[in-house]
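Next up, some structures in structure tokens.
Across the two complexes that follow, chain A remains constant while its partner is chain B and subsequently chain C.
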Partner chain A sequence: MEGPVRADAKVCSEGGTESSPRGPGCSLRHFACEQNLLSRPDGSASFLQAEKSRERLIRNTCEAVVLGALHPRTSITVVLQVVSDAGSLLACCLNAACMALVDAGVPMRALFCGVTCALDSDGTLVLDPTVKQEKEARAVLTFALDSVERKLLMSTTKGLYSDAELQQCLAAAQAASQHVFRFYRESLQRRYSKS
Partner chain B sequence: MAEAVPFGAESLAGGRARAARRVLDQVVLPGEELLLPEQEDVEGPGGAGERPLRLNAGARSRLRVVCGPGLRRCGDRLLVTKCGRLRHKDPGSGSSGGVYWVDSQQKRYVPVKGDHVIGIVTAKSGDIFKVDVGGSEPASLSYLAFEGATKRNRPNVQVGDLIYGQFVVANKDMEPEMVCIDSCGRANGMGVIGHDGLLFKVTLGLIRKLLAPDCEIIQEVGRLYPLEIVFGMNGRIWVKAKTIQQTLILANILEACEHMTADQRKQIFARLAES
Partner chain C sequence: MAAGFKTVEPMEYYRRFLKENCRPDGRELGEFRTTTVNIGSISTADGSALVKLGNTTVVCGVKAEFAAPPSDAPDKGYVVPNVDLPPLCSSRFRSGPPGEEAQVASQFIADVIENSQIIQKEDLCISSGKLAWVLYCDLICLDYDGNILDACTFALLAALKNVQLPEVTINEDTALAEVNLKKKSYLSIRTHPVATSFAVFDDTLLIVDPTGEEEHLATGTLTIVMDEEGRLCCLHKPGGSGLTGAKLQDCMSRAVTRHKEVKKLMDEVINSMKPK
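Right after this comes the complex of A and B.
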């Protein structure tokens, strides 16, 4: 019993780094697999973390708005593909998800939209920033707002900002969401006018 | 970005519910609230001003309004849950206020009791066939639910056959069940659909348009070639003509009908009738 355990520990400390997800309990049997997997778990762990957080944000927003009680034991899958990223990616994903749910005829209690704000070093507020503006900003805040009373459904922020700046960004996002909802209405009216 | 928004204009729901009859045949979006006719004069500036002042405001006659697809009751108002055009149908007689519903365009079918649908048999397990109807669950069809079927005289249904039937049980809590006989025990056109022909899928809105009583598309198509056609409310159409080429032409015409105007359609039919 002692032999294999020690061998395992040696194997792990030789081949593995401290970032290996497998602990000291890895068995000799998995050594070959571990070689192949070592590159993947390190990369995919960090990749999946970032991906999961954005997916989770979009999912939570959709769950708050979709009337799931009308479709029990049913899963609704939203697939988002990034064609090009010119900044404010999460807000764009939220808008696309909302339009897709409306197009599919999923019953919803309201529409929602996403708005991104960037605060740069001298406190100027920029709505819908480009990639360059996002990189140079001191803080980037993304909000998801609903259409009935402009209430906040989801917010995710990155960087340093004060409480007053947060309120300012939220107010600006609520005002900007008017334009997004007006665009939704116009494009849906255009779609229904064809029939 | 701080522009002043004029009161009540342009905002999606505006925080103010609109009267249902003012919005008829307009596009409504999820989240909007609609007022029923009896509540209009309670609201402030948006209310209909022409109602006379009642002395006994408590004894208002209650209209029973039926809330159709795309709408839900929310307190004493209607909440729009799907995007589409708001429609209303007056009742022929009686004190009910009619039906309100939202005419939406969608591709996904949700089983509804009483709908006639075309399904594909996917499995045969014991006494029950599992039929794929395009919903989230396969529907179950008992072998006794065919005309003239008894325990000894089983219907000739194989996996992969097309079935035209109607739902007897279809709600969100239970697995949908369908039958191929009506309440009197007669088939009435339901049952297994023949082996030739072509099954294709269209949107639900197109099916409803084609099945409307005053639809000219089907009459024009009938004048073009002799054909057999079955419409399923789940967006599936089965069509069969004399030759495969004619069948394919008909299938393409029906699929394209959704996006064509009446004139374009007449042109295409004229061109096909010549050739």
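Right after this comes the complex of A and C.
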């Protein structure tokens, strides 16, 4: 029985919502493809699926807050480029998307922010985990909360956890979102007071 | 007259029903459609199941093949799910590469398998570093009438329970794998994840098991995947209207009862298949 045949190719690409830490200022992505005698390669398919899934989460969250009815026949494109990933990537993408929409002057019914919680094996809650903390965690939960009533707009989770832990993480995320909204307000104030 | 009103003002038409706490097809807000499951009907697959949730029909076929284990995990096999939404199930899908809905559903099923640890990947290893099983789980929707995620999760679980893998021994002299098709054993299923989907209407009302029309009119959706010990494998809420913590709690309790219903149904079907 032959072993797998490896085919590697370095592809230069820009854009996209996933980055690999291959070095500063470098947008080269490494693609690897394993081809067995019998099975079809799975790596690239699951890579694209994860991107599409994240895109849909961000898009649906934006659609829930943007007042689309005020601008019919309008297309709003949000382009997110990952500069560096040090953990809590999806939450950071959500925050960036919200600030960009505010910057563009798109009418919204509320602001939203993303918060990530990680639960490790003995149940300790860590907010805004780093890449290492996320890898070692038993469960990672990402929430998007709105600014008006701190309601849950979007949630995506990885790993196993109990109902009580979910409520705990949600409460912690709601408390943390206050800091994020305060940061939005302060940075906008700074921007408009300069000009 | 009612049909005309429904076409012109679908949202108002629905609100009239929701005010009376029921839905156009006669169900209550917390009631699921009739669920039927048929296990083991596809003889060419190693495991199969057909699930019908009202009109929504999903068939899952599992095929096992050999592969070399990944180099970073030499004692693990693979479970590769794929959800296919062909044009025959609904007019909204076109033929060609998988659309966004199919990709999101495939990613959801892959996450459920990963998070719930339904199968220990170590169980799929035959010879560390050399040979392992790869289970291709193909989920094909035959009729799309909403709530595809619940149907897919149930079909996957039932099909995996039905999978029988033959015994494989590595012949030391020739280093070839020898398959004994006469001796088959079932997979060891560790947990039973069951999905419960909700649709949010007008930012306040939550209804369970939305049909295709209801999904279209809804302002948000929520899917909870729970295992038998009440642990959550997945809380999938892709945007949409906001939910308070209290509403989430109601959803959790509904998910717990749904899990019991589904487990009971599946155990009945599997037990009825036992004397062969």
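Note that in this section the second predicted complex is superposed on the first by the 151 of 195 C-alpha atoms of A that agree within 3 Å, B and C clash if a C-alpha of one lies under 4 Å from a C-alpha of the other, contacts with A are read in each partner's own complex, and residues count from 1 in each chain.
Just so it is clear, a contact is a pair of C-beta atoms (placed from the backbone, for glycine too) under 8 Å apart; a residue touches a chain by one contact, two chains touch by 3 or more.
Small disclaimer: the values here were computed from a predicted structure and weren't measured.
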Looking at the combined model built on chain A, do chain B and chain C fit side by side or clash?
fit
Check the residue A:V79 against both partner chains and state whether it touches chain B (first), chain C (second), both, or neither.
neither
Let me test your reading of the model: by the given contact rule, A:Y184 touches which partner, first (chain B), second (chain C), both or neither?
first
Looking at chain A, does chain B or chain C touch a larger number of its residues?
C
Is A:A64 in contact with chain B, with chain C, with both, or with neither (first, second, both, neither)?
second
Give one of first, second, both or neither to describe whether A:L111 is in contact with chain B, with chain C, with both, or with none.
first
Pick one for A:E149: touches chain B only (first), chain C only (second), both, or neither.
both
For the combined overlay, can you note the least CA distance between chain B and chain C, rounded to whole Å?
14
Mind sorting out which residues of chain A both chain B and chain C touch, each in its own complex?
146, 149, 171
Residue positions on chain C within touch of chain A in the complex are 65-68, 78, 80, 100, 103-104, 106-108, 110-111, 114-117, 131, 134, 136, 175-177, 219-220, 227, 230-245, 248-249, 252
Where on chain B is chain A touching in the complex?
1-3, 5, 10-13, 15, 27, 29-31, 70, 72, 79, 81-85, 104-108, 110, 136-137, 172-173, 205, 258-259
Hey, which residues of chain A end up touching chain B in the complex?
67, 70-74, 102-105, 107-111, 127, 146-149, 171-172, 175-176, 178, 181-182, 184-185, 188-189, 191-192, 194-195
Spell out the part of chain A that touches chain C in their complex, as residue ranges.
1, 3-4, 36, 38-39, 42, 46, 48-50, 52-53, 56-64, 141, 144-146, 149, 151-163, 166-167, 170-171
